[in-house]
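Several structures are given next for inspection.
After this come two complexes, each holding chain A, first together with chain B and then together with chain C.
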Partner chain A sequence: MRCLCLLPTGILIFLIVGVLVGLFVHLPASSILTTLGSEEIAFALRLTLFTSGAATLIAVLLGVPAGHFLARQQFKGKIVVDTLIDLPMTMTPLVAGVGLLFLLGSDPVRQTLDRFGIQLLFTPWGAILAQVLIVTPVMTRTARAAFAAIDTRYEQAAQTLGLKPVQVFLRVSLPMARSVLLSGVVLCWARAVGEFGATLMVAGATRFRTETLPIAVFLNISSGELGIALICAWLLIMTGFLVLLIMRWIGTPFSDEPTVMKAER
Partner chain B sequence: MREFKWSLMIVGVVLGGVLFFNPSAIAAQLHIFAGAGLRQPVDQLVKAFETQTGHRVFIDYGGAGQLLARIEAAGTGDLFIPGSLFYIQKLQTDGKVQTYRPIVQHTPVIGVNAKQAGRIKTFKDMAQPGIRLAMGDPKAMAFGRTAMTICENSGMKDAILKNVTVYGATIKQLALYVSQGVVDAAIIGRTDAFQNKETITMVSIPVEYFQAEVIAAAVLTSAADSELAGQLAEHLSSDTAVAVFNQFGFLPLDEL
Partner chain C sequence: MTTICLEKVSNAVLQGVDLTIDEGELFVLLGPSGAGKSTLLQVIAGLLPCSGHIFFNGDCIDLQPPHQRGVGYLFQDLLLFPHLTVFQNLQLAMAHLKAGRRAENLKISRLLDRFGILDLADRYPARMSGGEKQRVALARAIATDPRILLLDEPFSSLDPENANHLRSELKAHQRHFRITTLFVTHNLTEARQLADRVGVIQKGRLTVNVNPNELERAVSTEAIPVSKRFDEPYAAPFVQGEQWPAMGS
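== the complex of A and B ==
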């Protein structure tokens, strides 16, 4: 069995390392510092951190209660709602972005937003909205699985001891699902950091306004500045690497040992 | 030992599959890199070429700059058809182009959302306060560069750029913004306005502000069969091909 598993593992590692080496050897060593210090890249990094952070926060605020609701409540048409929430995960982000563009560009929505002075299209807020659409289903799905795995008897016991439903949620369900939820947060954030298609359609590719790191990669590849694009790409890769390391450090389900086993010790 | 045999069998099946589907084992094949905005006429012409000759042609569509980066990085492909000669000349200086054949012109126009047609009737109107414009990124796309030159030559660059609410990465993205009415106008290709007649009104740009871009088919030095690639370039630049391009709103070169 060991031999049978070794080959696919080797192929996988070869592929990943091959891609990283390919991206690394083409890095323009002489201009790394200049590029990293450039105002455009600093802006793209700041904007990426801001939009992905905000999108993750919104995804948590929407996804965790939604996940809890879907895990605990039974109602007619639940299967449809469940599938609908998952749908954006199967959509190409570019298509999701075009859909969002159609929605925000339609006369009634546009006029309503204008009345309140809200500008979403072609602004960083539009980038956040696009990322929220893409990452919230991930958070909802993770939260649903986390809450579904908790034995409901703990919640029932807490309720019989006099806690109100909100208190049960905050003091029992949430702490018990903490590690899985945390992994969901990290996954959402990592997904938001790399989001490109939907952001491009809704926010555009305006340098120093809506240029996130993935858009900077695309713009620089399109303008033939492969070196700058690769440096941006490495910033994204390092971010992802850091995130995965943090996940292992905090002991989420992505760590080597199952959380349940750790709890039992 | 038994597991080792299994591993060998899997490797054998994978290798067999790769060899079986190896493109070079099937027939003569050509690989084209073409500007995303040229998709409709190029698709139609390539299909006719395949039917006539029996050869397979694979077309890779994308932004001209992006395609250029790919050709330079990968060093493969037979033909390159960007929306501007600028990109062919760039490859030519690197010695990566054998020959090229001009096909049609890529004329810029102002695409105005049909509902805003009353507000933007001439080029000057783009500089009016309150007009929302989309513009192509001048570094990333051919028409972004053209649009910037037009603005500079008009002497109204600052006023026009003040009205730009979004920069796009492809010409189709700009056309979508205009046709959806999320911006009032954008400098796009005549063909994009032509193909969205119901939602986009075309306003001409004074000819002294620009030089129309030329669409051409370049045979790359990396072409596996230069003669065959040349044959396809000839097919794509024939009178019949110009007529097909014309159906999609591209103007012949003699109208330059």
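== the complex of A and C ==
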């Protein structure tokens, strides 16, 4: 049995390490530092941090209340709403991006945005919107699971203590769900950092304008600038690695508090 | 102090419960599992819907949401917030009183002192014993300055010695704060030890409403059809061909 399990594990490790080695050996060793300090990488990094941070913030503002609503409320057609909210997670980001492009390009939406002087298509704001579309379902799903795991009687107890529903949410539900929500935030951010397909469709791929790290990889591979592309790729890999480390840390129970949210005596 | 009056309170479990609890009185509601004891408490707290009317000091509170009713509810599972220390649990309970930070802290310290748990102020619920949690939960319920205290079998999971001790403490606190109290239990000993008046609820109906000194007579005349031994938990009477409904009380 041990040998049977060892073989697939070995194949998996070979694939992952093979990809990393492949990306590593092609790094231009002599010019890593100069490439890393290039203006293009600095721009891509700055834009990625800005768009992914903004997208994560919006995803939290939308996803956490939506997750609470779905975890606590029963209504007709809930299963349809649930499935619809999850849909962008299963859609190819490229397809989601095409849909968003058509939506923003349609006359009523375009005219409304123009009236307010808002330009989303082929701008960094469009990149943020594309990332929001892709990562908000992740946040909603995580939040829904987090709130569903909390015994509703804690919320009832808070109500009998004189707390209004909003206070119950802010002072009881939210703090009790915080470790799971935090892992959701980190996941969302990681997903936003690496988002490519939808961003490409909505924001386009313009150097020094909508050039996030994944777009920079795409642009530089296309133009044969392997050095910049690989440095950007490694920055994305390091981000992913950092996120996984953080997730493991968050998964550790807080030192002086329980993680079980079901009522216990 | 508040007089509580229930008029024909009904829902899926309760069937037209009429009950008046005088101000400062400790009323013990006795009944077997599934009789509707906990349901009645939840209805009074506004956590479950019902038909009929509920009055606090003559004011109808039917339409008031739970956070405006002014009840102190001690749940069977206590439900201390695990992410807050003892002090913070009480602080949260007093948030709506808007007493100001200094007055609030003073009141919490006095309450903790009175309940003998001042040294637990910075501790999280997960790090406390059952008895300590009971005291904290009771202190938290009283910290809200409730008009009525609702206690749902709070001592059922404690060992007899600890439960007996805490019952004496509860009685003393109830007398001290003069809070109108409704205590539900399935334990006759508890009813005898605590009650100013005892009611029996069976299948969602209030069937007996007596003084504690009339309790034994009620038992002997089988108005309360239970085991004659008062040290035993209330046992559901067996009626030929009839099962007690397993309703979630």
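Keep in mind that, in the parts below, the second predicted complex is superposed on the first by the 242 of 265 C-alpha atoms of A that agree within 3 Å, B and C clash if a C-alpha of one lies under 4 Å from a C-alpha of the other, contacts with A are read in each partner's own complex, and residues count from 1 in each chain.
The criterion applied here is as follows: a residue touches a chain if its C-beta (ideal position, glycine included) is under 8 Å from a C-beta of that chain, and two chains touch if they have at least 3 such contacts.
Computed from a prediction, not measured in an experiment: that's the story for all the values here.
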First, second, both or neither for A:Leu4, with chain B first and chain C second: first
Which superposed partner A:Ala157 touches (first chain B, second chain C, both, neither): second
Chain B versus chain C as contact partner of A:Arg207, first or second or both or neither: first
First (chain B), second (chain C), both or neither touched by A:Ile228: neither
Which of chain B and chain C A:Leu129 touches, first, second, both or neither: neither
Overlap of chain C and chain B interfaces on chain A (superposed complexes): none
Of chain A, residues touching chain C in the complex: 151, 153-154, 156-165, 167, 171-172, 175-176, 178, 256-258, 260-261, 263-265
For the chain C and chain A complex, residues of the former touching the latter: 45-47, 65-73, 75, 77-79, 81-84, 92-93, 95-97, 124-127, 130, 133, 140, 144, 157
Residue ranges of chain B touching chain A (in the complex, touch as defined): 3-4, 6-7, 10-11, 63, 65-66, 68-69, 72-73, 90, 134, 137, 139-141, 165-169, 173, 176-177, 180-182
Touch list for chain A against partner chain B, complex: 1-4, 6-7, 26, 98, 101-102, 104-105, 110, 121-122, 200-201, 203-207, 210, 215, 218-219, 221-226
